[in-house]
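Each structure below is given as structure tokens.
Two complexes follow with chain A in common, the first pairing it with chain B and the second with chain C.
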Partner chain A sequence: MHRLEETWLTVSAGILIIFMFIVGYQTFAMGMGPPSNKETIDPQKVEETAPFDHPGVFKVGENKYEVVMTMEAFSFNPDDITVPKGAEVEFVLTTKDVVHGFQVAGTNINAMVTPGHIQRISQTFDEPGEYLILCNEYCGVAHQLMSTTITVN
Partner chain B sequence: MAEKHLSHHSQSPEKNNNEDVNSMKGTMVSVGFVAAVIVVMWVAVFWLYMARV
Partner chain C sequence: MAHALKEVFYEKPKQALGAHPEDARVSLSYLSIAFIALFIGGVLGLLQGLERAGLMQLPPWLNYYQVLTAHGILLVIVFTTTFTIGYQFANLSHSLGGLLPKVRKLAWTGLVLMVIGVALVTTTIVMGDASVLYTFYPPLAASPFFYIGLVFLVLGIWACCFGVFINYRHWRKNHPGEPAPLLAFFAMGVFTLWFFASLGVTVEVLTLIPWTLGWKETVNVLVARTLFWSFGHTLVNIWYLVATSAWYAIVPKIIGGKHFNEKLIRLVVILLVVLNIPGGFHHQIIDPGISLSIKFLHVFMSLSIAVPSLMTAFAMFHVFERTGRQKGGRGLLGWLKKLPWGDVRFLAPMIAMISFIPGGAGGIINGSNQLNQVIHNTMWVVGHFHITVGVSVVLTFFGICYWLVPYLSKRTLTKKMNKVGVIQTIIWTVGMAIMAGSMHIAGLLGDPRRTSYTTYKDHPDALSWIPYEYIFAAGATLLLVGVIIQVYAVFHMMFLSPKGVTEFPAAEPVADAAPAPLWTERWGLWVVLLLMVVAMAYVVPIVDMIVHAPPGSPPIRTW
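Entry: the complex of A and B
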């Protein structure tokens, strides 16, 4: 094998190993893996099943909030969310009909919400402002209108 | 003498051609360029993710 071939093969393998190590460390040591909650729910009984029988924003600790949210074409419930600056917010999500996306612009929140499954994802909002929440999985003819906001003050 | 002269002329370009074919400097530069693009893109996405945590 040519010396230069050995060089770039070694460098390529090294880069791959470094990338995989960083991503693995983030996921397993720092808990920064993608949302992968495994709770299930009967999608036909969402409104009768706790906690989704009372969607809303709940204070669960010192500057910790839980947002219990149901999604359906083409709305989020609750659609008016306000939390204080620096709050750690856990979103608990499910959908009543089809697959929806849950993305909060300007943050790393980006989850697929599937019928029959409960999705959980957390974020600390350090910057005050109004964050756009949008569905990023095509869910029907008015998909582009499915959005709301979360206010941090 | 003439034969030797001829063989000298016929071997030299062949040797040069082989050197050109066996040289992988251009390939190394191309591979390095692709590697640099991949690394820069990876670092940019990583930085964007960490900035939003």
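Entry: the complex of A and C
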């Protein structure tokens, strides 16, 4: 192999290793990993299982909120929710039927919600406004209508 | 004279006589299906583009998600698969001196099985019984015939895989101590990967059939997704390997040069075969039920593909520069001017290669933990795969047509047809650039993919995405024009172009090149390594998903 070829390969592999260190540091040291919650639930008994028997917005601490939410074709429960400015919100999500995607436009909230699993994802809302929550995984004929809002004021 | 004739007839019969007519028929049949699928899939693509932007309403009997399912399956599965088989079998026939009769029979069997499969799948989609998209994630449950059709498709692919393995083995047995020709080596890589890639999805489909028939009550959703993506993303890399076979082993000949060091080329093929299957996990980076450490391992496994890709970039530009300089190109970049930009057989794959630079960079973003979360299931992803598949792969395939089809049909590529090809390539490039470019931007702003026209109750964020959607539609219109020109060109070269001899442009090594090392032919070892990598990637998460499985899901129809 030529010198130039060896250099190129070493640099390519080197970049990959440096990249992995950065991604790893962000994931494990800074807690920036993607949503990966491992709790499970019976997808056919969501309404009878805590906490999803009482979906809603709950205050759990100093400007800290928990949103317990179920998704089904083609709605969110609860919908059109409101939290105060600066609130740290943890969404606790599950689905009653097919796979849905939970996305809040204008934030990094983006998580798959698969039947049988409870997904968790957090966000601090510093900017007031009416944020659009939408389902971003195809879930059926009215998938494009599956949306709601979270108002921060 | 006598000596020259003897050489022609005994040593170079392929060059003298062109494609074996029966082998050519196999390849031409597959290519015909490919371009019919491209035409239908392309029309559906434009319908989607127009509907998505709110510029057109589909009739009540045709639903956006039906169109989307058919577009995905016809282009992503049917077009790419049948093109690959047609092209790879021509390579095999050329480089191994013809297909064995039983291999030809397997190829025809494969064709029949695939036609049955495609007929079942498209019928269920048209009937509205399979609006489950290309990924058919359970618990969305299509008609059982949809999945049975998929089984036929897989069986057809397997028939072709076995054909390749048998022909390759036969050649190696009759040529002891010789490495197989480079194009045959590529074919072996492509079909080995295909066989192992299809195992996971086959298990998935075979569990979904009894579930949709009601013989089994529930299904494990997460395991099904994982098995799907072990195939879904490997398929991407199969196309990529097919495209690189033309970049490495055909393009150098077209520009009048020699191919790169064969040892490195073979190493790239082996790495792509061994490392590929775990790449699919990055489609599940924001899934629940999979731990962060497993996801991190998979980020590494997905991105390791970047290394052979960077090797390819190095090798190809080395070949271009060497050839350009031999032709008198001077200075730092003067060699670029010496490349045959007016020859569609070079222009199309060259643009394909260049587009792999932004395509690959986007892939690194999609494959990494936190960045994936930003763009997951947004239009960004759609933009990404229209650049990678739609340009890097498909434009290479289009470029291949301009020598492969006339070679097989014993016709010639006329100057006029070359010009048609150049115009097609430009239209395609511009169409994709504006469509995929605007998709990337809209995706970053949050516009979701796989969603028909919507303003989400006139939410300002959603309204801000609409102008980009107009640009998607404009791009899609240009692309349909491109599809029509390409389909016309292919069938013209198949049936109407002037008769004559077209050379098969297989590149040769430089004069003093060492022969390819024989250790690269240890396919048994590469398969063992492939299986070891798959085991490292999948055993722990799949066992975890089964042992800690929640109660399963029953079949659900939401359309």
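Simple rule for what comes next: the second predicted complex is superposed on the first by the 153 of 153 C-alpha atoms of A that agree within 3 Å, B and C clash if a C-alpha of one lies under 4 Å from a C-alpha of the other, contacts with A are read in each partner's own complex, and residues count from 1 in each chain.
In the analysis below, contacts are C-beta pairs under 8 Å (C-beta built on N, C-alpha and C of every residue); 3 or more make two chains touch, one makes a residue touch a chain.
In this text the structure is predicted, and so the values were computed from the model without any measurement.
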| item | value |
| --- | --- |
| Touching partner for A:19 - first (chain B), second (chain C), both, neither | both |
| Partner chain in contact with A:57 - chain B first, chain C second, else both or neither | neither |
| Which superposed partner A:8 touches (first chain B, second chain C, both, neither) | both |
| Partner chain in contact with A:32 - chain B first, chain C second, else both or neither | both |
| Contacts of A:106 with chain B and chain C, given as first, second, both or neither | both |
| Residue contacts with chain A in the superposition, chain B compared against chain C | C |
| Doubly contacted chain A residues - partners chain C and chain B | 5, 8, 12, 19, 32, 106, 108 |
| Contacting residues of chain A [partner chain B, same complex] | 2, 4-5, 7-8, 11-12, 15, 19, 22, 32, 106-108 |
| Chain A partner contacts - residues on chain C that touch it in the complex | 63-65, 68, 131, 133, 137, 139-140, 220-222, 225, 261, 264, 284-292, 295-296, 299-300, 303-304, 306-307, 310-311, 314, 364, 368-370, 372-374, 376-378, 445-446, 448-454, 456-457, 459, 461-462, 548-554, 556, 558-559 |
| Partner chain C, residues of chain A touching it in the complex | 1, 5, 8-9, 12-13, 16, 19-20, 23-24, 26-28, 32-38, 40-45, 73-74, 97-99, 101, 103, 105-106, 108, 110-119, 130, 132, 134-141, 143-145, 147, 149 |
| Touching residues (chain side chain B, partner chain A) in the complex | 22, 24-25, 27-28, 31-32, 35, 38-39, 42, 46, 49, 52-53 |
